[in-house]
């Protein structure tokens, strides 16, 4: 029975939470800018609107364009089921670090191919920017997760993030560093501020928007939903890292931990909103400096992780 | 590895120093320097609660003069001479930041060479030595890779921070008079250097230290 | 405490007076006169040490004077007094030649001069490694305005390099001091101590590896301040851009302070009986410095830079004397170098002022243009390069003799060859300056008056060479 409830709660979360999380970020940003802002359910209504609209597909595209939205949707659902981005996620299968990273890469590949398939200039430069950023940020993502894996001596994400894993129970420094690294990495992966402005549709600032420009109707619904779920998973992961850093949480009973993890995700989303409101978009040539900070956090967490094994 | 608050404070000072390496904006650099000095003052206060009360006084003075006074003074000068960023660095900032991390790892390995002392546990003295050495290395890196004169002052201040941290973690704390004298010397030195910076800007129209090559054999 | 006040009263009062006075000409005269009074005060204070009645004079916790320190304090005060006396004539000549300076600059110059004297004296009086560090750093800070006196672009560049390089170098000396302090906490001294007497007494109980690290960093740090070979780049700039009296003080007194710091730390290492590495290091660095300076002296194109490199050469020789472990040779070489170098810098100031240029190829025919200055220049140059019958010859011979052991044959050979090369180079340059046709616009300002102080110093060097008795320096 509890397993059934768990699945029910989790699936409802997976269906409803992504658009709502985008709405939360926008609401926080609006409040910071002294606006009332749209309701947090507005992205959900937008998605429903897309459902009822017709599709316009360019004639020069091939099966790649038509199928990429569906493939990405499937992939992100798999990722959401594997990666422990909230504590009440039911166990599905072992989520190896590299499996997850390759799934993300697969998603990226399909998006990029779809963008190139349409043959437009926007798609072309959006794809090239996305791939450049991915190239630069990949080490940070791998190293953050790997440093956690080294200390817990396993590469299974579920075991790393489980509160039953005592190897990682008293490592606030490591969790904080890995969490900050993952947070900065997520900003780059998802093309949020200060890497790219998700609200504009100007050539100067589009990375993600440029790639999905050709989609419309139900494809657009799938694409928007996929991006929102990816956002939730990535920020949820860094939220879990920050949660693990707080020592008293380890002593709480399981129900409270699950609730706390949900709260942590909420707080992280609010943090992203604040970050959106306060930061400016960096010029493209200055991005490597920002990404260097993400890699620095990852390297520091690696250093802390292997410190026990360096010259003792 | 589990770290006490004291160790966290000293390590965060050295991590902030590494962050300083990654940016060339003068105001950001001074902000990181101020944060790292505050972390060192916090570490001094924690050490004072364990060892000698005169460390409290030193912590307060470091907080007021070095963490607040010097950065405010240098920002005032940087505004006057219109120095916003260090455009010419010999090593790109991100690379020097990563080099700083490598040196942090190297300091950890080197710190096992130093004979450890202080009664309260093997770990704390070693972490302290690591943080101090890494601060020293970061300061040297700043002095070597940055070109404009104000960055040289920041590098010198970081080296002084590292040496102070060495004294704090490897000894029972240097005598009060000596610490005060050192602080006074550093302050006066920074003031004289800052005033010279004005003159350099007025005379040479730039503050690029690598172009001060008129005097040579 | 009262004795500290006594020693520092006159310089402090003079510093305040310089800032507060209205007329800078009277400031110059008063400072010059009162500094001779300061020599009398210091002499009266250290007389028991010099005459052999006492070997140690301790008058406050962490302040103590031994015979070597007493000799150096006398030397320093004498150097500053001579420089200040000559400065009066020199600056009057500056005004005469049209280099008008803002009166405020003079006030700052003289105020810093007095504080500089105070800081330098403090180095020799302190018995605490931390206080020595503070004093050495204070000398850097007080001498920076002296170097910057001319306010030209070159002076600015020289002051900047001086300040930054010396401050970073001395920061490393602070690291060395921290290491020595840490080494003392391992030993019998419970709370650790920076007091040199205590450290020397408990030297065998100090932690050896920390002490060694401390010595190396102190050597590098204070060595930067002294101008040893790889770290000397600030020295020619600072000593050539400063006005002549300031250069004289920098070369004649400040280098001794830095070397004295190295000496004190080496005493601690020696007392721990593991000093072989220390002596090796110091001797090697000293030899390297002498050889490098000699090579640099061959090609010179600026008058005062040449004397700066000669100072570097002498610093190398003094380092070898420290490496031999002899305090007497240390002081003797320093004394002879100071006497001759101060005379040289003061003379060079007047000659450059008269000719209107510091560049060597602008200077020629000084002998014909102004015989007193020319004669003194020749004698002083002979004195500084170690030609007999001047004092430097005696001290250099003693250094060569002490280092000519079978183990150190290379050191001795290199030293002899380098000093010879330096001698030839310097005399060639000086020869070119003295001989040849006189320049038309060579106007020496009051040449006889200007030759008084350098002349006295050259005579002093001669006396040291001819009449100095070994008994004078035996007890050091």
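What to note about this one:
As written, the chains take the letters A, B and C, and residue 1 is the first residue of each chain.
Quick note on the criterion: contacts are C-beta pairs under 8 Å (C-beta built on N, C-alpha and C of every residue); 3 or more make two chains touch, one makes a residue touch a chain.
Keep in mind that this is a model prediction, so the values were computed, not measured.
Nearest to the overall CA centre, using the mean of each chain's CA atoms, is chain B. Comparing mean CA positions across the assembly, the chain most remote from subunit B is A.
Highest C-beta contact pair count among chain pairs: B-C.
Put simply, the C-alpha centre of subunit A and that of subunit B have 36 angstrom between them. Between subunit B and subunit C, the centres computed from C-alpha atoms are 31 Å apart.
Measuring from the averaged C-alpha position of subunit A to that of subunit C gives a distance of 66 Å.
Interface residues of subunit B, counted against subunit A in their complex, comprise 1-3, 8, 11, 15, 18-19, 22-23, 93-95, 97-98, 101, 104-105, 108-109, 112. For subunit B in complex with subunit C, the touching residues are 114-115, 117, 136, 143, 149, 152, 156, 159-160, 163, 166-167, 170-172, 174-175, 177-178, 181-182, 184-185, 188-189, 192-193, 196, 199-200, 203-204, 209, 212, 214-215, 217.
Looking at the complex, you find that subunit C touches subunit B at residues 128, 130-131, 133-134, 137-138, 140-141, 144-145, 148, 151, 153-154, 156-161, 163-164, 167-168, 171, 174-175, 178, 181-182, 185-186, 191-192, 194, 207, 209-210, 236-237, 240-241, 296, 299-301, 305. Within the complex formed with subunit B, the subunit A residues making contact are 170-173, 288-289, 291-293, 295-296, 299-300, 303-304, 307-308, 310-312.
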